[in-house]
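Submitted below is the structure of interest, expressed as structure tokens.
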Amino acid sequence: MSETVKLTIDGREIEVPKGTNILEAAKKLGDEISHFCYHPGLSIAASCRQCLVEISGNPKLQPSCQMTVTEGMKVSTANERVITARRQMLEFTLVNHPVDCPICDKAGECLLQRHYFDWDRKSSRVDMDKVHKPKKVDLGPTIVLDAERCILCSRCIRACDEVAGVHQLEFVNRGDHSELTTAPGQLLDNPYSVNTVDVCPVGALTAKDFRFAMRAWELYTTPSVCNGCATGCNVEVHHAAGQTHRLVPRPNPDVNKYWMCDEGRLTYKAAQTNRLAGATIDGLPASPEKAIAAAAARLQPLLDSERGAIGVVFSATHSNEDNWVLGRLAHEFLGLQRAYIAARAPVPERADKILRDADVNPNLKGARAVAGAFGQSGQGDLVALAADLRSGKLRGLIVLGDVVLPDDVVDAAARLSALVLVTTHQGALERAAHVALPAAAWPEMHGTITNRDGRVQRMRAAYEPAGKALPAWELLAKLARKLGATMEYPYPRAIFKEMVEKVAAFAGAEWGKEAQLVQLRFANSRG
Amino acid sequence: MQEPSKPPVPVLPGVPAQRTVVLGQRGAQDLDSDGLPTEPMKINMGPSHPAMHGTVRMVITVDGERIRDADIQLGYMHRCFEKESEYATYTQIFPYTDRLNYVSPLCNNVGFALAVEKALDITRKIPERAQYIRMIVSELSRITDHLTCLGASSMELGAFTIFLWMLKAREWLFTDLEEVTGARLTHSYVRVGGVVADLPTGWIEKVRDRLTRVEAVIDECDQTISGLRIFRDRMENVGPFTREQAIAWGWTGPALRSAGVDYDVRKDAPYLFYDRMEFDVPVGDRGDCYDRFMVRMIEMRQSIKIVRQCFDQMKPGDVIVDDGRIALPPKNEVYNSIEGMINHFKIIMDGIRVPPGETYSYSEGGNGELGFFIVADGSGRPYKLHCRAPCFYVLQTAGAQIKNALISDIVPVFGMANYIAGECER
Amino acid sequence: MGLEFTTTKMADAIAWARKFSLFTYPFVTACCGMEYMSTAGPKYDVARFGAEFPRFSPRQADLLFIVGTITEKMGPVLSRIYQQMAEPKWVVAFGVCACTGGFYQNYNTMPGADQVVPVDVYIPGCPPRPEQVLDGLIMLQERIQKHEGHSQVRYREEQALANKQEALAQIRLPAAGK
Amino acid sequence: MSQKILDRLLEKFPDAVLSTSNFRGDEVAIVKRERALDVLRFLKDDAECLLDMARTVTAIDWLGRDGDRFEMVYQLYSITRKHGVRIKVPVPEDDPTIDTCTTLWPGMNWAEREAWDMYGIKFRGHPDLRRMFMYEEFVGHPLRKDYPKEKRQPLIRREGMV
């Protein structure tokens, strides 16, 4: 990438690396060339002819997505001839496009709408019937196809070939009867199938999960990180009225490029079902203040008598900040010695070379790093915890996160003289706990998680926590104050700064900017 | 540059040219007697009080009948206009502007449309007829504003008849405006780039005739009350404000003009076609409540004059700008072709895209200079929208005006500040 | 039986008298006030329905007209004014803001006046036309005649409860064995 | 029209004026916070500018933008000279304070109180800096971009209405 090429686009000179195509070069200059079939993450098809530009010395207009830049090249992207061509291509594309916008899931983030509005805005000249095609083709477990809306850009075909690595989609027939389809008897069922919906410039491919569930333009978007596995794909949380409606990948060349897996897209469901809405004392609802006081009262005698028999459980599903505050509470102030790290068991069969990882914990590495920072080896996992509970070594336990344990272990935990739980979800252990405090789930809180490569990534709060829940770090800090510790954090960023200084693994990590809450209709990036 | 010269204030029937203290008037000082020792007492007026039209709350400290101190508290009607606007497209904001100064909604509509057009830089492209229609409706709206203000405050001073008469005239104008806009009060008639629809056929003749009758009502009220002794006793020398004070405190509109400053946006920074209109700007000389009353009284006649000139000057033509990014396509295209559908969809759902930049645009509202400060970020909704509400600045001096006055003076002072909750607290 | 007959008929007569002599307290906050003026004004004369006499003190009124948006800051004032009114009392939400908050859904506007006080009749519209208001008033009168106003219902329930307790007190047996 | 105001400013306060611009006929000058009051006083008193009326004072919240988060906006006008200008003053997030301009234009008293109420900008030397619209129990500043639009803080509710 060392050598670069100079060229002029619309009279402005720019220097780009060799091998860049004109479309990308123009994007660098800030003027967008309309396109349907080109996608930065996919190979070039140059089939939509929407990105035609004029290159001086070249008699015909050339597709800018296909043409790589050459030294001294002179390009004009918006002269009369180019715009006329664009309009003509758009007119052809629209000839057979159904009048579906009011019932189309893509409406509001549709490239066809956008380009027509930006470049054409001419009324129709066609007065005959449009060609009709099947409206509801079930392509597989996740996708439904509306063949009429398809503009034959072939993005989805390439997405299957190049992302999932399986060739499952193809065009049949020719002319205005061409159709997207799977091979007879075959299904579109690869684990990355929903990416085809993201790349589809129109509403031809729709995800069954989101189909007719919500209008795109009414959603608000918040950048965050997927909590499905240790890969930590960057996502945008699309939500409205305190509820997530879908996750879409957020481009990040170092982690997930432009993609994410189908399983990851559904992680939002777990984050908003079966939640612990309010604090409980011995299974009965109570106000947060009362619950925290009760927790402190439960722990105090143990702290006085047998400090060594109290354990803490770090969570691989909670943010670094939550774990850090727990660590400070347990080891810096209470001087506890027994630490465990609760992590979901790995699922080897889901691992692949693309994105999916066997480790289904979003933050195992982070939890280990934090525990390590407090001199805890971090090797005490759930097995060790179960053993210690069974053998009765433990008398008290402070647990972060919702931990799933075998029944007999839960019974053992129930026999502890103090079991304080800070968790997002209901569960067996939560029912057994003396005090359970409701924590905010990942779409509801600011924080960072560490992915499998040790990359510290930022999650942003999309909406208010469910019910009476609070961020776990806040609950733990309150508990710490009740126990006489001095721990004041005005906002999570303070924790982050403190943590980054102390923990070697997090050195140089960035908190990042606060993101404004923008409704998709006003976020010009999409559609 | 020097000020443009203004014609003198016309002398009206029923208004004595020079003011003399009416015989038998008891000065306020007569009410304070040394015989009655008083002690300061805090009284809470409002937020729901017969003497307050609107929901303002006053904590006044009275010493006998005298007001020693007054603390005016707002916010009981704060409807978050600016926050709502940040979440709505420019077109969706028009209904909110209706409810700013809900006594003259069309002035706000026009003011906001002008602001967005300035941000879009299409002010020159607006069709002539649309501009004339905007002037007509906003002047009619100004008349309803003043009728309500004067009628209501007369009623609060006990002149119920005036209230009924002026309300009668207001009903006429509501009915006429309803024929144009489809709504009696909250019209949402103006759009970015023009107006929704043309005037109905035969409307102009009807309104010409209607205006003469409105004028008659105004004269009737004027002759009945302007010279009335009781009325003048209540209004004259109440809450006077000097020219310098008025400017320093950011007064505009009738209040400022009553203090002797001839500042009228329609003259000083003509928008629409006000530079083609021939009308006078009345100014007072004392800046007391009576002046404010009379200025409004005269302004109504001037507005009628403007409307008549518009009727004479306007010609047939388009009523909205011809631009596919701003004006909606015809409905048959929307329903039958994908092109029209997309065009309609994008304008409605994404809104009118305004290029990034900050503009402040102002016009003459019912109460004075109505300004809109728009911060656009290139999307279909304002990044920030600030509204400069005229009566917000007039009302904040009410406390100073009633200091050391009598409790009964609160009524005229507030009536003439024309406190409109929706506009003042937005 | 005869007694019941007369009392029920008496109650109906009283309700009839009440529904045509409503003393309104206009709790005017916003735009709807303009249409309230029109309703009270010369053209749509609310006096024709026996509700022409606005009292500007809640203690003298039995019909509370909530005219316009109610904000969070205004909430306590509204409930206090409601409490100051004498029983039996009726409440009308005038305009969509008083009904549901209308298109003001934000940090300071209350989603409907019924968050604070019980409401008998909701008159939608932004603002409602005077005809609509009169229609709502007639609806309220019908409710009053049918003894369905919220305070009338509350009163009946309290009476029923009191009678029940009375009856219970009478049938209670002397404690035996002591 | 009022370009000469900007020229006057540039020649008088070359160090205080960060930048000047003209957009759609609105002249704008961005001024350092430390010198803001001097600039405003000059504009009011200077014989050529004589901006005797302040139209409005408000703030802008640029959350997530590089540089200072807030920006004060002064919309000034001269009744006698019939010209106006807009002065903008960047205000940092960690220390949102600025000198009050009520000493020059008393009419900006409530406008500054509103800016405090809505954006949490403190005005040094303001006569009484209370909340303008919201009630005292209200937590936060609603027009800040990070305050949710529908986050209500009820003072009162009927039972069963929570």
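The letters A, B, C and D name the chains in turn, as written, and every chain counts its residues from 1.
One rule holds for everything that comes next: a contact is a pair of C-beta atoms (placed from the backbone, for glycine too) under 8 Å apart; a residue touches a chain by one contact, two chains touch by 3 or more.
This one's a predicted model, so the numbers in the text were calculated from it and none came from an experiment.
Chain D has the Cα centre that lies closest to the mean of all protein Cα atoms in view. With B-C and A-B as the two chain pairs, more C-beta contacts join B-C. For chain C, the chain whose average C-alpha position is most distant is A. Averaged Cα coordinates give chain B a centre that lies 34 Å from the centre of chain C. Between chain A and chain C the centroid-to-centroid distance comes to 52 Å (mean Cα coordinates, whole Å). Centre-to-centre separation between chain B and chain D, using Cα means, comes to 25 Å.
Annotation for chain B: residues touching 2 or more other chains are 75, 78, 80, 83-84, 87.
Touching of two or more other chains is recorded for residues 133-135, 142, 148-149, 151 of chain D. Chain contact topology: the protein chains form a pattern that is neither a line, a ring, a star nor a complete graph. Touching chain pairs in this entry, ordered by label, are A-B, A-D, B-C, B-D, C-D. Remark: chain A residues 463-464, 513-517 touch chain D in the complex. For chain B in complex with chain C, the residues that touch the partner chain are 47-50, 53-55, 75-80, 83-84, 95-96, 98-99, 102-103, 148, 152, 164, 167-168, 170-171, 174, 184-186, 421-422. On the side of chain A, the complex with chain B involves touching residues 94, 97-99, 101-102, 107-108, 112-114, 116-117, 120-124, 217, 519, 521-524.
By the touch criterion stated above, chain D contacts chain B in their complex at residues 23-26, 28, 52-56, 58, 60-61, 73, 75, 79-82, 86, 105-111, 118, 131-135, 142-143, 149. Residue ranges of chain B in contact with chain D, taken from their complex: 1, 3, 74-75, 78, 80, 82-84, 86-87, 118-119, 121, 247-251, 261, 263, 268-269, 357-360, 362, 369, 371, 373, 375, 383-384, 386, 388, 392-393, 396-397, 425.
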